[in-house]
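Common to both upcoming complexes is chain A, partnered first by chain B, then by chain C.
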Partner chain A sequence: MLPEFLSRTAKTKEEALSYITGLEDVKVLAGGTDLIVRMRKGEAYKHLVDVMEVPEMKGISCDEEGFKIGATTTHNRLSNSQFIKMNARSLSLACGLIGSPQIRNMGTIGGNLINASPAADTIPPLLVHDAVLTLESKGGERKEELEDFIIAPYKTSMKSDELLTFIHIKRKRFKDYREGYKRVTKRAALAISRLSVAWAIHEYEGLFHDVRLAIGSCTPMPFRPRIVEEFLKGNKKEEQIIIESVKMILEEIKRITGDRPSFIYKIPVLKDLLENILRG
Partner chain B sequence: MFIGRDIDRIDVLDKVLGKPIFAYDLKVEGMLFGCIYRSKRPHALIKKIDIQDALSLNGIVKVITHADIPGENAFGAIKKDQFYLAGDKVRYIGEPILIILGESEKIVRKALNSIKVEYEDIEAIYDPFSSRDSTTLIHDTGNLLSYRTVIKGDFEQGFNESDVVVEHTYKTTWLDHAFMETESGIGYMDETGKIVICSSTQNVHYKRKEISKLLALPEDRIRVIQATTGGGFGGKLDMTVEGYIALSVYLTKRPVVMRFTREESFLSNTKRHPLYIEYKTGAKKDGSINAVKVNIIGDTGAYISYGETVCLRAAIHATGPYEVPHVFVESRMFYTNNHISGAMRGFGIPQVAFAHESQIDEVALLLNMDPLEVRMKNGLRRGSLTATSQLLTNSAGFLETLKKIEPFWKARKKQGLHTGFGLGCMYYGIGNTGVSNPSSCYLTFTDEGKIAFHSGVCEIGQGSDTALLQILLETLNVEERDVVLLRGDTDTSNDAGSSSASRQTYVSGRAVYDAALKMRKYLKSKGYYDCETLRGVCLLAKEEGLPVFEGFFDPPTSPVDSKTSQGIPYATYAFATHMTEIDVDKATGFCKVKKVHASHDVGKAINLKNVKGQIYGGIAMGVGLALMEEFVPSKTESFDSYYIPTSMDMPDVEIFIVEDEEPTGPFGAKGLGEPALIPQAASIVNAIKDAVGVRAFELPCHIERLKALIESEKDKWVE
Partner chain C sequence: MVTIDFTLNGKRVTVDVNDNETLLFTLREKLSIKSVKEGCSIGECGTCTVLIDDETHYSCLTLSSKVTGRDVKTVEYLGNIIELHPLQEAFISCGAVQCGYCTPGMLLSAYSLLLKNKDPQDEEIKRAISGNLCRCTGYIQIIEAIRYAAGILKQNC
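What follows is the complex of A and B.
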């Protein structure tokens, strides 16, 4: 059963920040598709602050550098946005695969990032796009790279008086890149990713020009195999290189995580997936 | 004309309007909430139970222990071996120890945490093989619950005469029924002092009997009513909430409600029996199956439930729908300290079909024959002798189900890189195994000038109300508006037996037909079929003191021989063939079930739409059994980790009906509920083999298992 709590609905960002700073034992509700489930299992807070009705935290807008996504934008909105389809295809695909239609209608990108699950579907695409987050508090705002923001499984660097407001993607559209997202699940829908890969790859005259990969559900936090990305830069797109680079990624994963029982499955699958992705 | 017509289910409009009140939503003024405190140990002596802290909580009314039970602290569908509340010993995690009653659900759930029980652990046994070898006894009678054999011909001679032999071992695991509505109900004492239970159930009369023993009250002091029920699949055959509610009402004299959370349901309910099946098949060059030797080892968990029945049914059906001259089957069911395994759609046969259908395909492969041809050659037909040497004299449309599929099988074409096609076949005895399983009902008239149909058949979503009504309307030649259905209430109906074993259309349908024939004679004598109105007949009937027309049917079976199981265990059998098309993603091990052609011999389709509905549902469950469903004791708690198929996992389905009419059935009908599921998993496993060349010997063949099989096949090539 859900524990008792007091709930507040913030209508503006300022109001939300006042609640977060002013109330004790407070948690932000941004969709609740993870939070409420955990609370039913016993996690308790005195106060919940619903930020779903803060207008400026919702939606997608362009700025000089690129574009930004409001933290309470739902997965459904992102997956259906033509703009996201054009400019961050992997994110669009990932958001369309999360949970069920109900979860996609309720769940938000900000909530997904704060929950910081190793299997979160939005994280690998955002890593591929070098996403930067805006965190605001009464005292001001700061920016942090997503890659640094998640510090451990289900743990972020967000402070108790902070509110995640925006996710920034600096450049519009990876032109001439092939971009995608693939996840592995036990059934066709309503499932948590056993494995996921987001990619954006630029090739030029048989050479890898820029390879961006992000792998979810394998390591404590979704990660970019930067060493291999660097190795591939300028390298020939041929079978031997592909096999070699995938081998390097798998070794890096094992080095990060150690050997896990689930790797009996995950390693061969990831090998096949990555090889197929690099081959294109 | 009502038979074979696609009439709408009689409950459909109310259900889409959200009108029926499911057991879970029932409320009574002033009700207490009841919750069960369960064992946290798999096998232990109970040294001390401390309920003081719980009792001191504001709002807690009573904590009931085994010592409070006025009658017998024992229940069980087959044998009374299960305790309502454990006294000195627990045998599985989840075994009930106490009932806590309070003014609200919240306070009662809180009180659960303040109960203290001291245990002294006993060695726990988690698999049937350890159970067989262990000196630790789970029950005084020993760890072997049941040993059954089927012996026909001489299997050694049979294998000597065979040109090829195929031998493999198959394994299945626990499955949860995953019904939409968890176990729930209410109870109260009515103005006459009767204890009334209204619950989500598959059988009301059985539950009344059990409650009568529990409370040491005569049966007429107890009334059990079936609330609108959100699914059963065998999981609501055993006592779930009924006994606890009755006991609580009896002791507190207050109305009581009980509703299991999904977690409680997973923890407490029976599961599908995990079976370990060693299977050896001998065949001749021409494809005829000559000998079959099977060894089945099952895990019944801590108590019997339906363990003995599954043990025997699995043995009898082990050959599949094929005529085999030499048969030797051993089937054993052991106690363990796992969850209780019980009835679940198919009663052991979906597991067995996975084995015999894999075997048939392997035989075909070895002989370089078409798998459909091998099935056609050996299939049971009129004049065949089953494994129990029962001569099939009537309805036996197996070959027709194959023939319906044949053109699609021959025209099959692999579209994708790793597309596969597989066949799965089955036969299934309708009704309980080798025992009397009668059904009774009665008809009379109402004051309003209508026909009152008193039925004890539980409608659990399968559509029995509609099918039985169609039989009644057809026989009486009256309209739906002329009949009032009074169903699922021990006070207003006779015992129809449980909604299980695919028996209600066949057994209860025949009982309804029997009653209707008697009433028809009466209607005729009063001139109804000439020019008298029904209202007129009712007035006449009233003057005669409202005659009652009883209907009865008990399928003609005989007990099977205790050593060889030879005999007539079932009056009739259903037959089916499924052909399944799948696509495998070799990189991930994901198997997508694309299309199923399902062909069923149902005797007679009373309601085609309902028949199709059963088959769609059976296929969905078969996809789960084959590819994803797996209950892991102490790990699986909810749907978070227990995966059942979603609509996105559902294939396209094309259905073909064979109607080889069964003379003992109503208008020729047999049963379908379980047959719809049975061949599905087998056909998927065979399709996987066709697609990627690997065979699953263990279910579910989920992505991880399938990938491992694909990888090991890769290694073979490297070697």
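What follows is the complex of A and C.
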């Protein structure tokens, strides 16, 4: 049995915002694949506001700067979208690996971000794309980079009267990039990533032109090794450079996280993974 | 308490549900649909699988209020004792049922796959049932059964 609560279903964004502001001890419900599990284990709220029926918060649409994804778009919809496959391949791949078919039919991209797990599959691809979020409240809206939104494991900068409505990705800068997502798990389905990497790499006549990497599950928050991205810019695509840069990334991880028992396994696996990604 | 209205296995139903009630509970305790089982209650075993608008969902993680106006299907929709669905026939003839606890959920995941993909490869079948655990069969017979049923269904149409 779930703890007692009152639930409201919002039909519009305005309605959702009124509930969030007006009701006491309120939590937003989308697909429920994380929240309901946590509530089963005892997490309790007085009110839940279901936002899955708000039409404008669902789906993918283009705007002047690029495209935006509604926060309640399901993983399944994102992984099957031709548009996402073409414009954000790493995200498409990541969404197709989450949980199980049932979880992908229910769970949403917004929920995955708000949950802010170090192992969340959608975060590394969105970091690679410099995703920006729209957070709305009764008082107005603000935009924030995903990178700043997640402030600690399972913690975001979202205020209690705010609603995550959209995720923005800039227009097709990534046309001639090779892009992907790989993760390591204990088993194929219903698994949590032990290690994940999203990448988008542009090479030009034997030189790295732009390298974007995002690594999940190794540090408290998925992160971009920017120093190394910078180091690779304009550098030759040579074995020695690749080995050197991966070494720098691994050192950075150890610096951020400290030594962890799991690193005996993780570090060599990540090393191979990153080297192979850079070799392409 | 709210009154919800939805289509269950092709028929309109109206039922009063508590705000914190899951679809699993409503189906089993209020609508006598006992084919939907409770295993883990946390979205990992798949024995509570139902179709909502023909997509698989875990009913243990679905609040009942979410299915207002939707189309919900359970294994009762597929067939009955007099006339089984080809998938059900295939599960029996391929030995894909042992204790049967996972079977309703497996059948619905298989049914939902075949709606979208008439001729699935083994990898696609495995992916489609990856959210359903079976503690008895070792999966091989289930995969064979789904492949077999796909063949029969293709011939029929």
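The rule is short, and it goes like this: the second predicted complex is superposed on the first by the 278 of 280 C-alpha atoms of A that agree within 3 Å, B and C clash if a C-alpha of one lies under 4 Å from a C-alpha of the other, contacts with A are read in each partner's own complex, and residues count from 1 in each chain.
The rule is short, and it goes like this: a residue touches a chain if its C-beta (ideal position, glycine included) is under 8 Å from a C-beta of that chain, and two chains touch if they have at least 3 such contacts.
Everything numeric here is computed off the predicted structure, so don't read it as measured data.
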item: Contacts of A:Met52 with chain B and chain C, given as first, second, both or neither; value: second
item: Which of chain B and chain C A:Ile103 touches, first, second, both or neither; value: second
item: First (chain B), second (chain C), both or neither touched by A:Leu273; value: first
item: Chain B versus chain C as contact partner of A:Lys175, first or second or both or neither; value: neither
item: Partner chain in contact with A:Arg255 - chain B first, chain C second, else both or neither; value: neither
item: Touch count on chain A, higher of chain B and chain C; value: C
item: First, second, both or neither for A:Ile36, with chain B first and chain C second; value: second
item: Chain B versus chain C as contact partner of A:Tyr265, first or second or both or neither; value: first
item: Contact residues common to both interfaces of chain A (with chain B and with chain C); value: 1, 100, 188-190
item: Touch list for chain C against partner chain A, complex; value: 19-22, 41-44, 46, 49, 52, 55-58, 60-63, 65-66, 68, 109, 112, 127-128, 130-132
item: Parts of chain A lying in touch with chain B, wherever the complex brings them together; value: 1, 100, 184-191, 194-195, 264-265, 268-269, 272-273, 276
item: Residues of chain B defined as touching chain A within the complex; value: 105-106, 109, 586-590, 592, 627-628, 643, 645-649, 702-704, 707-708, 711
item: Of all residues in chain A, those that touch chain C in their complex; value: 1-7, 9, 29, 32-33, 36-37, 40, 48, 50, 52, 76, 99-103, 105-106, 188-190
